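Note that the chains take the letters A, B and C in the order they are written out, and that residue 1 is the start of every chain.
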Amino acid sequence: MAASAVAYKDRQFLAVIGDEDSVTGLLLAGIGHVTDPPAAQRNFLVVDAKTETSTIEKAFENFTQERKDIAVLLINQHIAERIRHSVDSFADAFPAVLEIPSKDHPYDPEKDSVLKRVRRLFGE
Amino acid sequence: MEGLFFNVSSGYVEGIVRGYRNSLLSGQNYNNLTQCETIDDVKLQLAPAYGDFLAALPPNPSTSALAGKMTDKLVAEFRYLMAQATGSTARFLEFLTYGYMIDNIALLITGTLHERDTRELLERCHPLGWFETLPVLCVATNIEELYNSVLIETPLAGYFKGSLSHQDLDELNIEIVRNTLYKNYLEDFHDFVTTHPDFRGTPTQEVMSEILQFEADRRAINITLNSFGTELSKQERRKLYPEFGKLYPEGSLMLSRADDIEAVTLAVSISADYKAFFDAVGLTQGGAGMGGMSGNSDGKSLEDLFYQKEMEMSKIVFTRQFTPAVVYAWMRLKEQEIRNVTWIAECIAQNQKERIGNFISVF
Amino acid sequence: MSGAVGREAVFPTRQSLGLMKSKLKGAETGHSLLKRKSEALTKRFREITRRIDEAKQKMGRVMQIAAFSLAEVSYAVGGDIGYQIQESAKQARFRVRAKQENVSGVLLPHFESYTEDSINDFGLTGLGKGGQQVQRCRETYARAVETLVELASLQTAFVILDEVIKVVNRRVNAIEHVIIPRTENTIKYINSELDELDREEFYRLKKVSGKKQRDVAAADAEMEAARERQAAEQQSALKLDEDPAAPDVLGEQEDTDVIF
């Protein structure tokens, strides 16, 4: 439904869940934000081969549900793939969850949950 | 005369390094590499030079994994040299590792400042910059502790002393710490090769002094260029310039007062070499700004030209005999080679073939 | 009487018939309005979906270029700067602002990116070497993120519009397939009910008038009879005048035949 002003007026940050290179690049662009101590929270999560899926899930939950200052969540597609269920079942307008390609994983439109909906609507 | 006794203690090391030098990739190899379609092809092309080290990689590895394995080989070879070296040569090799140590320590200080678990940082440290007390750094939980009980135990203690106190570590940007350390390191290294009785008046002093002076100048120029538009004050900047090199002292003074690229150009015009670089990248036509770094005919940046020069100097070192400087040269060449291969692999992986030739090959 | 959609529980009166008729008219107006709204939204929606498709493809390219510029950085710096970057991130330089856009009464958010130029966490990164590449990489990535933000606006609009269109379509369908037929049914029911009443009334009236006629006829007959009797009485009275001891005409005894 049409979002009320409260739903997004505080949302001014981007968050990212990605591999090291993607995160580094996006941080260079200046999206990194660490909230004030003591409860310092970072708005990015670096995922490597050793990162547990539950950690990713938790970060995803945190960025999408708990934090109210995030407008857009960027997530590497291959990482979204690991928590596909959560990503697919997240249908809220805020924050916008955006699947981005990573260096080693070129973009595959077939897997994007939003694009899947787009395609379905066009009956392709 | 110096050659008379050199081989008694260091001849073996030098011989080994000359052997290593022959396994460096040649222009022909690079040509083959640029023709590759996939990372697997690259791996195959590298097999003669890197053999076993790449065998453990999975099919189509990431470029960083590839670079990691290549670095492993460099590390293994260097460690072997370290083990064989004695006396002043061993000391010389130790100096080579200090550069990496500075990076490692900077990394750990960053981690400590942000109260991260420093243990996981150890994996990220460069293996060449490893020293026995490095893991001890992880024990420290705050900067003061780190400084008082840990850093003074490291080989780098001398570089901290006198220029950085523990308060500085808190306040200063880690980049400034790193560059201060590096400056002290370069000065110390330069001092070592010019005054140590084993090296004074030998080819080592000659070539190393030249290379280190170049390195010092390069850092001074880079720091100046990169500090435009940042909060780094001129006084602070000046403290980061190594106090030797072709530009020292007049050039350094001019650099420290420089406000824009033109002033830098003026400062470096003391040396014909650097002036040529600046001309080549078109920085002399003022107003080019930072963007001008890339906008030139053959896609070379100032950085590239410096690397190119460094490689050429390193290549020339091999014409000398009876000197551990070849180890330094070999390491620089090897590092450049790793960068080159990473670059090529990156270009292939990301399908950006048009700039694949942007590497530096001197053989 | 009741169809598949049933009818409303109303008393079949003329008043409720009027109510129903105005309700039907309202529903039809609403239906056409909603239909138009839904069409407008769908048009917008299709446009957005097309743009998302394009933007996603574009993002693939932009991110590739950005990733490549990062490769340049690692080439120039000759090492890994990732960790250092992660640790020195403090304040977001790149932020977004949300605005609203009104499409047929639906408020669509629109993200707008802006940079806080006063915040510069990585000014000194690559001071020793690679600083220029780092700088360029930052610009490249900032541009890439702008594309991403644009895409995010589109996507949010997509999600919201999708939802709204669903709701509107549901309403349109509800009006078209439930409300209108039901109202029509109700009207039909009231009409038939009223007709029935009419018929009953008519029948009753007919009955009443029949009875009345009968009554009238009976009364007429009586009147006739009375009149006849009167005439007869008058005649007998005349006779009585002649014969005072005239027998009671209403009496039991047989009238002696009057012989004229």
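Side notes on the structure shown:
Please note the rule applied: a contact is a pair of C-beta atoms (placed from the backbone, for glycine too) under 8 Å apart; a residue touches a chain by one contact, two chains touch by 3 or more.
This one's a predicted model, so the numbers in the text were calculated from it and none came from an experiment.
At the centre of the protein atoms shown, by the Cα-centroid criterion, sits A.
Between A-B and A-C, more contacting C-beta pairs join the chains of A-C. Chain centres here are Cα averages; for chain B and chain C they lie 74 Å apart. The distance from the centre of chain A to the centre of chain C, with each centre set as the mean of the Cα atoms, comes to 38 Å.
Residue positions of chain B touching 2 or more other chains: 64, 350. Shown for chain A are the residues in touch with two or more other chains, namely 21, 103. Looking at chain C, one finds that residues 64, 67, 71 touch two or more other chains. Of all the residues in chain C, the ones that touch chain A in their complex are 49, 52-53, 56-57, 59-60, 63-64, 66-67, 69-71, 81-82, 85-86, 89-98, 100, 106-109, 111, 115, 119, 121-122, 134, 137-138, 141-142, 144-145, 148-149, 151-153, 155-156, 158-160, 162-164, 167. Of all the residues in chain B, the ones that touch chain C in their complex are 63-64, 103, 106-107, 110-111, 113-114, 116, 121, 124, 126, 173-176, 178-179, 182, 218-219, 222-223, 225-227, 229-232, 240, 290-291, 293-294, 301-303, 335, 339, 342-343, 346-347, 350-352.
On chain C, the positions that touch chain B within their shared complex are 64, 67-68, 71, 74-76, 78-80, 83-84, 87-88, 120, 123-133, 135-136.
If you check the complex, the residues on chain A that touch chain C are 1-3, 5, 8-9, 11-14, 20-34, 42-44, 46, 71-72, 74, 91-94, 96-98, 100-103, 106-107, 109, 112, 114-115, 117-118, 121-122. Residues 62, 64, 349-350 of chain B touch chain A in their complex.
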